[in-house]
Amino acid sequence: MQELISRLKELLESGSVQRVLGWKKGDFTFNPEPAYFNSAEELSEFVYDGFCGANLSKYMIKASNLEGVTAVLLKPCDTYSFNQLIKEHRVIREKAYIIGIGCKGKLSLDAIKAQGVKGITDIKGAEIDGDCNELKVETLYGEKTVSYKDSMLERCHVCKGKEHMIYDELMLESADTLDADRFTDVEIIENLTSEDKFTYFQRELSKCIRCNACRNVCPACSCRKCVFDSTKFDSEQKANVDPFHESMFHIIRAFHVAGRCTDCGECSRVCPQGIPLHLFNRKFIKDINEYYGVFQAGEDIGQTSPLTDYTLDDMEAEERR
Amino acid sequence: MEASKKSRSEMVKEISGTNPLKCMKCGKCSASCPSYEKMDIKPHQFVSYVINEDVESLAKCDSLWVCLSCFACVERCPRDVKPGKIVDAARQIVIREKGGSYLVPDEIPELIDEDMPQQLLVSAFRKFRR
Amino acid sequence: MHGIGVFVCHCGSNIAATVDVKKVVEMAKLEPGVVHAEDYQYMCSEAGQEKIAQAIKEKNLSGIVVCSCSPRMHEATFRKCAEKAGLNPYMVEIANLREQCSWIHKDIEEGTEKAVILTRAAIAKVNLNTSLEAGESGVIKRALVIGGGIAGIQTALDIADAGYEVDIVEKTPSIGGKMAQLDKTFPTLDCSACILTPKMVDAAAHEKINLYTYSEVEKVSGFVGDFTVEIRKKARYVNMDKCTGCGVCMEKCPSKKAKSEFNSGLSNRPAIYTPFAQAIPNVPVIDPTQCIKLKTGKCGVCEKFCQAGAIDYKQKDEVITQKYGAIVVATGFEVIKLDNYDEYAYSQSKDVITSLELERIMNAAGPTKGHLERLSDGKPPKNIVFIQCVGSRCAENKGKSYCSKICCMYTAKHAMLIRDKYPDVNVTVFYIDVRTPGKNFDEFYRRAVEEYGVNYVKGQVGKVAPQADGSLLVHGVDLIDGKQLKISADMVVLAAAIEPNPTVRNIATMLTASIDTNNFLTEAHPKLRPVESPTAGVFLSGVCQGPKDIPETVSQAGAAAIKVVGLLAKDKLMTNPCTAKADELLCNGCSACANVCPYGAISYEDKLINDHGIRKTHRVAVVNSALCQGCGACTVACPSGVMDLQGFSNRQIIAEVDAICR
Amino acid sequence: MSLTNEEFRPKIVAFCCNWCSYAGADLAGSSRLSYPADVKIIRVPCSCRVNPMFILRAFEKGADGVIICGCHPGDCHYSTGNYYARRRMTLLFSMLDYVGIERGRTRVEWVSAAEGVKFSQTMNEFVETVRSLGKNVRLGDLRCKN
């Protein structure tokens, strides 16, 4: 951690980068937020630990328009998104100095709370230098200990791997966190009756308050103006006026990012209502893998996206499972 | 009476699974038929009886029982009309309408004459063992 | 001022019988934007169009809906009518009340209800229509003819005579096609070669015609007026400029085991060959699958004997790229494979032959030097049976559903020629129907019966059984006499069905020309535009469009030529203005649209965009409207809905959806 | 108010490409091959013009079934349009299955300009399937219903 901060200082002071895009301390230890650091002094606020889940790739769209080079800290999974944005000409590679940083799994406050912990005031054990086995949670009701693993975000259990797809230099160690299959949940839903599928999604989606957090955080949802905000389809919706609008919004959003979504899981992480939005994207990813061959967006910039591609003997819609 | 006549021709179509209107009257069935000489209604004429809703005559004719069910006509019909299946269907109607009077195995030896081809015996099972 | 006019056509009783047109007018008047609605007997008539024009002028209409037949029929008519009256032609929408309503529904209440909804959808759409201006594109003054048979030759000659450059691409080593294989032609019995070869020579000699023989079309891109075509000239291994056509190489070639394609496989040819004596160009090709030198490296006989030094074993295929304004398909036909008709013993006996094979046997240049003889033992036949409709007029699972059209006539010709030359030979023709529409055709058939004593028997043959003595027992029936016939023949000739040349499928795909279930190319309109493909700039000549005899083929070839000439004579073509357009204010520049564009019509530019007072440079999509054909693939690839299709915009289609589901 | 299946007339939106399927529908018409009046056709230049938004909008506004018809793969007037449409619709319809929309309400069918018979058969079948599924209640805009 210290070496990372020294390196960042060095970069800023040498003038080889004009700013650093990273995370700064939040009000609590468990809510750091993305931030620009324009000088070595500002780095005193810098933090990188198990709670720095935010994917910084999307911020590089704006940062690409700023003067000079931005040093951006990307976790292994974030680099997929960055690659995808390069492919779509949304970020300028030369404007970014990518420091690929290690990751030992990112934490979810909801997952900690789900273990019966209430009134959290502070959490220790999330430091990137630590062994990341246990978290010591201070609560209004005393200190509690929970397992690091059980407190991770869902996406870290199905981690794509700790290899960076793109970087200028690498720093900090990673630890493997993969211990589940990412399509298990999709399969469970697929095997329900259509009645039960409908009930499940209606229950989940009826929680949606159309805050647009999922859209705003998604690196693939980078449209300058979303169709749901424009008059292009007579489809502008600021709020859900009927139950269908929720599913319409999420289905169309998932369709728009199909073949581009890297499965970074940010949508589910930021949803204030805890809707498992990644289940939509994963369904498309699973279908694409099954029907058109395994594809991972952001892995290879040169590869054609499955939805802008075809083969002469693709399967027919009626043959879908 | 009119209604029952019609329903019999509908039955022939249903049992045989063929559409007599597809026939273009090329006569390939009659050209192929090994029993042609012995038939009073010729294979290519079967369809007209069904179209004209005269299954009555078809049911009474000898051809029904002369047909060897060799299915050469079914195989070769260019229009997929399958005259052999029409004969077969007409037979079934006759047999069904006879009620329980199926051929009893004991009666068979009497019915066999010396010139009777082997094939007829085999196809007899098709006709009667329903 | 905004005002929509609705015009409901009775189409005589075609629409009015199942749709209450008055009710449609009533209901249309209630729709938003509609200021005028009326009905008329025939909207497409001059009087009907006059009504529309008048209403446009008097009520100052900003858009019109015509409720009539399919837009594929009269959209162009009503657009022209609107334009004459001063309304932008793209402010016209058609509600298809005939093909998609009155003709398929019987109940007037049901029909009317649907008609009202279809009208409502068209009104909803036209409310959002915008004026569009057709652009212009140039015309390359050169035509391509694919196929060098009589159809292709005639089309090329007619186009060339009008003064335009034409290239013929023929996949075999010589032009001439099937007609070159024929002996005599009906109904006048002229020698086929005598009337064809002068045309072949004309084509070769014409300064505007360029022949690519032994060549195939490999790739087609572009659009009407501006096609780019890649043609593969297969290696001949003979230098065309040096060869004098002396023919010594063919004589000396030691490999003589290949079947002669020209003689329908009835004789052999050398590895270096011209298909036939009058071949054009008279330059042989080396068949690499047969040539000993090319296969083993040893031999080289032809090279040794060639005085001109024209043999070149190292020649390679050459791909040339050429631009054309129009393309004519004249790929012709093949005789079907007879595997499914083994009751006629084609595979079992050499003496059961197809009519095309008989044509070669009768020909003086053929395998038997024109002597009628059995292929099994060379003996002259005494009894010949012709069987008609082999594989034609069948149920779909049994063969071709169509009538091959030429068989009745050529069979009469064959029968007549045989009886004329060999009066002691008995000729029996088994037919289902004798079809002889055509000038002097029935007379010709009657002559075969009356003057030449050909025995016509109505009834299809059941089977042909080869006998131990080499004869063929034909099991037939005379349906008129009601007798089964068993005729002992020594030769049986099958009038096998014809089918489009199998390569046409691939060619149609390259041209994006539509094809029917039998692989015949579809015409733009079965009655009114029979020589044009629905794909603009693609024309049809000969049997590739449907079975035809020579006179018909030649007339169609000429008709296709005049259509091509009509196109090439224009300097500019109006382009379809219904093209894609990006809203550059909001474009992400993500390239999704360009990735799916089949025409490469989308490029990207960095543009300075003034977005609510903030000036920024953005990468935005730009559509080249001359290249865009308006498919709309890009509009769906675009996640932000920035790419839209003019004339079929997102909002227009959504409006139609809403109107239908209301 | 409940409808028995006999009275139920579904609303069906059919998107037909201009070059093949719309012409196929015209041919069905000129051959007088009937299919239920419940089917309303929207003409689009190519099946690849059909945006998932249109389909969801149709369902929202009360359609009971949506069918997309285009040229047979390989025969697209624009060469490749239907290949893209095939992928898009396969994925979209699979997603609709996944969120609990009955499978029978969506369909893709390739109909050429020569296949009037197929067009009419397809529509008859599709309407029958949708009719047996009954009213679309899972995707509709419920405010408009009484």
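To keep things simple, chains are lettered A, B, C and D as they appear, and every chain counts its residues starting from 1.
The definition used in the following text is that a contact is a pair of C-beta atoms (placed from the backbone, for glycine too) under 8 Å apart; a residue touches a chain by one contact, two chains touch by 3 or more.
Since we're looking at a predicted model, the values are computed, not measured.
Should one ask which of A-C and A-D has more C-beta pairs in contact, the pair is A-D.
Centre-to-centre separation of subunit A and subunit C, using mean CA positions: 55 Å.
Averaging C-alpha coordinates per chain places the centre of subunit A 36 Å away from that of subunit D.
Averaged C-alpha coordinates give centres for subunit A and subunit B that are 75 Å from one another. Inter-chain spacing, taken between the CA centroids of subunit B and subunit C, is 45 Å. Residue positions of subunit A touching 2 or more other chains, listed in rising order: 227, 233, 235, 307-309. Residue numbers of subunit D whose C-beta contacts span two or more other chains: 51-53, 57, 74, 80, 84, 88.
Within subunit C, the positions touching two or more other chains are listed as 596, 637, 641, 650, 654. Shown here, the protein chains touch in an arrangement that is not a line, ring, star or fully connected set.
All chain pairs that touch, listed by label, are A-C, A-D, B-C, C-D.
Interface residues of subunit C, counted against subunit D in their complex, comprise 70-72, 96, 98-101, 103-106, 110-111, 113-114, 117-118, 121, 508-509, 512, 514-517, 522, 534-535, 578, 596, 598, 629-633, 635-637, 641, 645, 648, 650, 653-654, 656-658, 660-662. Touching subunit B in their complex are the following residues of subunit C: 343, 389, 393-395, 397-399, 432, 458-463, 475-477, 479, 482, 484-485. Partner subunit D is touched in their complex by these residues of subunit A: 186, 189-190, 194-202, 227, 233, 235, 241-244, 247-248, 251-252, 254-255, 258, 280, 283-284, 287-288, 291-292, 306-312, 314-318, 320-321.
On the side of subunit A, the complex with subunit C involves touching residues 65, 87-90, 222-227, 230-235, 256-257, 304-305, 307-309. Those residues of subunit D that touch subunit C in the shared complex are 11, 13, 18-20, 22-23, 25-26, 28-30, 32-35, 37, 40-46, 48-54, 57-58, 61-63, 71, 74-81, 84, 88, 112-115, 120.
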